[in-house]
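Next, two complexes with chain A in common: one pairs it with chain B, the other with chain C.
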Partner chain A sequence: MIALLLRDLRLALRAGGGFGLGLAFFLILTVLVPFSVGPQSALLASIAPGVLWLGALLACLLSLDRLLALDYEDGTLDVLATAPLPLEAALAVKAIAHWITTGLPLVIAAPFLGVLLNLPPQGFGWLVLSLLLGTPALSMIGTFGAALTVGIKRGGLLLSLLVLPLYVPTLIFGAEAARRGAIGMELETPLLMLSGISLGSIALLPFAAAAALRMTIR
Partner chain B sequence: MLRLKNIAVARGGVPVLSGVSFALEAGQALILRGPNGSGKTTLLRTIAGLQPALSGEMEGAEDRVAYSGHADGLKAMLSVAENLKFWAAVYGQHDIEGALEAYALAPLSDRLAGTLSAGQKRRAGLARLMVTGRPIWILDEPTVSLDAATVGLFADAVRAHLGGGGIALLATHIDLGLEAQVLDVAPLRAMPADLHGASDEAFL
Partner chain C sequence: MSLWEYANPVKFLALSARVQPVAWAAALTGIVVGLGWGFFGTPDDFRQGSTVKIIYIHVPAAWIAINAWIMMLIASLIWLVRRHHVSALAARAAAPVGLVMTVIGLLTGAIWGQPMWGTWWAWDPRLTSFLILFLFYLGYIALWEAIEDPDTAADLTSVLCLVGSVFALMSRYAVLFWSQGLHQGASLSLDKEENISDVFWIPLVISIAGFTLLFIALVLYRTGTEISLRRARALAVRLDKEL
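Take a look at the complex of A and B:
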């Protein structure tokens, strides 16, 4: 399992691995929003948590179709499916690798980009916390979607359509937690719901993803 | 030991072979022959556990198989040694020196797999079987894009594997000079009557 994780991280960091893709998209989106909304700092401050969460979610989505497709094309998935490592564990590891290369950089970058959007000072900690709790769910749900669509040529569109509805609860509770944090409201409920979604996805979806993958590599 | 009894296999919901039976003891090899599209790959994938058989019994394949299909399972942006070390680690092994030596890959071990020629990639893909430590090798058209000298290296590797008590199943059309049983799958083509219950479309 460690070997698979290290290999995926190494591949992501080498040329053509797509490591910076999600981060660059996140950066572009949040830099452009102030230009398109105009110089209204009060308005920007109130939409900042939502924009940052939406940006993080779309950045995650952008890198999903590479998650399993490359391994499918070069035959790695066939060999992994016959290896002693259970497919459930292999997919959980791939989700972790995706989170480390996509989700974690977004969590780290978010407070810096929050400055551009005039996020109120008390909101920074809550924004980072909500992203930290929510992005693992995005990676895990995305891995499930990728396992469902891996056999389909150019399956990116179908993958987005399948995954977006599943992302909605994470977005609602994540952005709500960040918004309440930014204006100093009580935010225990959305944070608990967000953690619940993440823990539930991590506990259940590796099994669903492995079942889906066994169907698609047949 | 590997034993198949009356196995029927399907591809895309259509049965392609039925009534496949054979038994292999340690140290034996079996070569599958048959025209294109006769179901050799499907049969090998079924034995490897990548898809379920339609019917029949199979014994001895569970968790003992190393599978090599049409694709090599190499990452273009990793070196040959990194690729092999990764697969060795997945199978709980460490030593890749023997595999590098058997396929004369030592001079290439630091090259990125993406920069190798088709034949060199194939050699690295075949070397992967040696680092798995698994007793049953399943090889689908292993000699594609190999030159005559490398086919010799490959035949030696298979012979050494069999000599060590391994089992090999090959789908190939060239003569490797191995002492092996030959199974022609052409007469085992599934009849339309076997179509019943073959499709899993209802679940899709």
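Take a look at the complex of A and C:
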């Protein structure tokens, strides 16, 4: 498992594109927001948590079609499917690798982009915490979506159509927690729900993803 | 004699041929009587005027939209557990019907909402949940269309239906939480069934029954079409090999 994790991380780092691309997308999206809604700092401050959450979600989505597609094309997935390691574990590792290469950088970058959007000072910690709790769910749900669509030619757009509705609960609770944190409201409930979604996804979705993948590559 | 006998397409089609005329006739009667009674036989509401009558389309459509997804979920489970092709095809046949009913529910809601709430759309929990359900239908149908091999398509859409159901339910409660968090106390939800007086209630129930029968008839018809299509494809493959 650790060998697989290291391999995926090394590939993501050395193959280029995958690692920085999501971050660059996140940055550009955040920069574009003031151009589209205007530079009033009060308005930006009130929408900052939601925009940053949406940006992180879309940046996550962007890298999903590479998650399994390359391994599917060169036959690595067939090897993984017949390996002694259960496919469920292999997919969970893939989701972890995706989170380390995409989710974690987004979490680290988010406060800096929060400055651009005039996020209130007390909101930074909560924004980082909510993203830290929520992005694992995004990666895991995305892995399930990637497993569903891996056998389909030009499945990228379909992948977005399938995954985005599944992201709705995570986005609602994550953005709500960040928003409440920014305006100093009580935010225990959305944070707990967000953690629940992440833990539930990590516990159950590898099985669904592995089932879907076996149907494609049997 | 068990229910599973109808997993045989021939038996299913024979039963469907017997049930369909009855279902169509009963659906037509139910809808004509329900809508006719509702539109012409009930008084106007004292606050809503005649706009209240859209309820005879709106509520049955919403009812079918939700129950079509539940039916697809059950059919998907049967396909995953027992591998009956009719079940997978029935799930596929029901999806577009559910999608159309979702759209009808949303549209009639918007048409009613414009004079009553003064807006075509509000981010009310129920409206938002329905919009999300609409997106789930879209994704489900798109996945069916995208995969060439019919068995793989049935497998993957079934898994999507299972996981999607869990997330749709979660979205429902998440939306409830989110919308209350945004505008507290501003409840725009529709009247509960029990709040409607008997004058409106009886034609509404007839109308719902009519829509349900219409759904059954449509799904039976469309499943039959899917079975024929599957047979035609199998025949084409066989002929290709012989030639």
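Criterion: the second predicted complex is superposed on the first by the 215 of 218 C-alpha atoms of A that agree within 3 Å, B and C clash if a C-alpha of one lies under 4 Å from a C-alpha of the other, contacts with A are read in each partner's own complex, and residues count from 1 in each chain.
Following the convention adopted for this analysis, a residue touches a chain if its C-beta (ideal position, glycine included) is under 8 Å from a C-beta of that chain, and two chains touch if they have at least 3 such contacts.
Bear in mind that the values here come from a model prediction, so they are computed numbers and not experimental data.
Visitor: Is A:Leu166 in contact with chain B, with chain C, with both, or with neither (first, second, both, neither)?
Guide: So A:Leu166 only meets chain C here.
Visitor: Considering only the touch criterion stated at the top, classify A:Thr76 as touching first (chain B), second (chain C), both, or neither.
Guide: first
Visitor: Report, in rising order, the residues of chain A that make contact with chain B in one complex and with chain C in the other.
Guide: 215
Visitor: So in the complex, which bits of chain C are touching chain A?
Guide: Of all residues in chain C, those touching chain A are 132, 135-136, 138-139, 142-143, 146-147, 152, 155-156, 159-160, 162-164, 167-168, 170-171, 173-175, 177-178, 181.
Visitor: What residues of chain A sit close enough to touch chain B in their complex?
Guide: Answer in residue numbers: 2-4, 7, 10-11, 14-17, 73-76, 78-85, 215, 217-218.
Visitor: Considering the complex alone, what residue numbers of chain A touch chain C?
Guide: Within the complex, chain A touches chain C at residues 144, 148-149, 151-152, 155, 158, 161-162, 164-166, 168-169, 172-173, 176, 180, 189-190, 193, 197, 205, 208, 211-212, 215-216.
Visitor: Residue numbers of chain B touching chain A in their complex, please.
Guide: Residues in contact with chain A: 45, 48-51, 63, 65-67, 69-78, 82, 85-87, 89-92, 128, 204.
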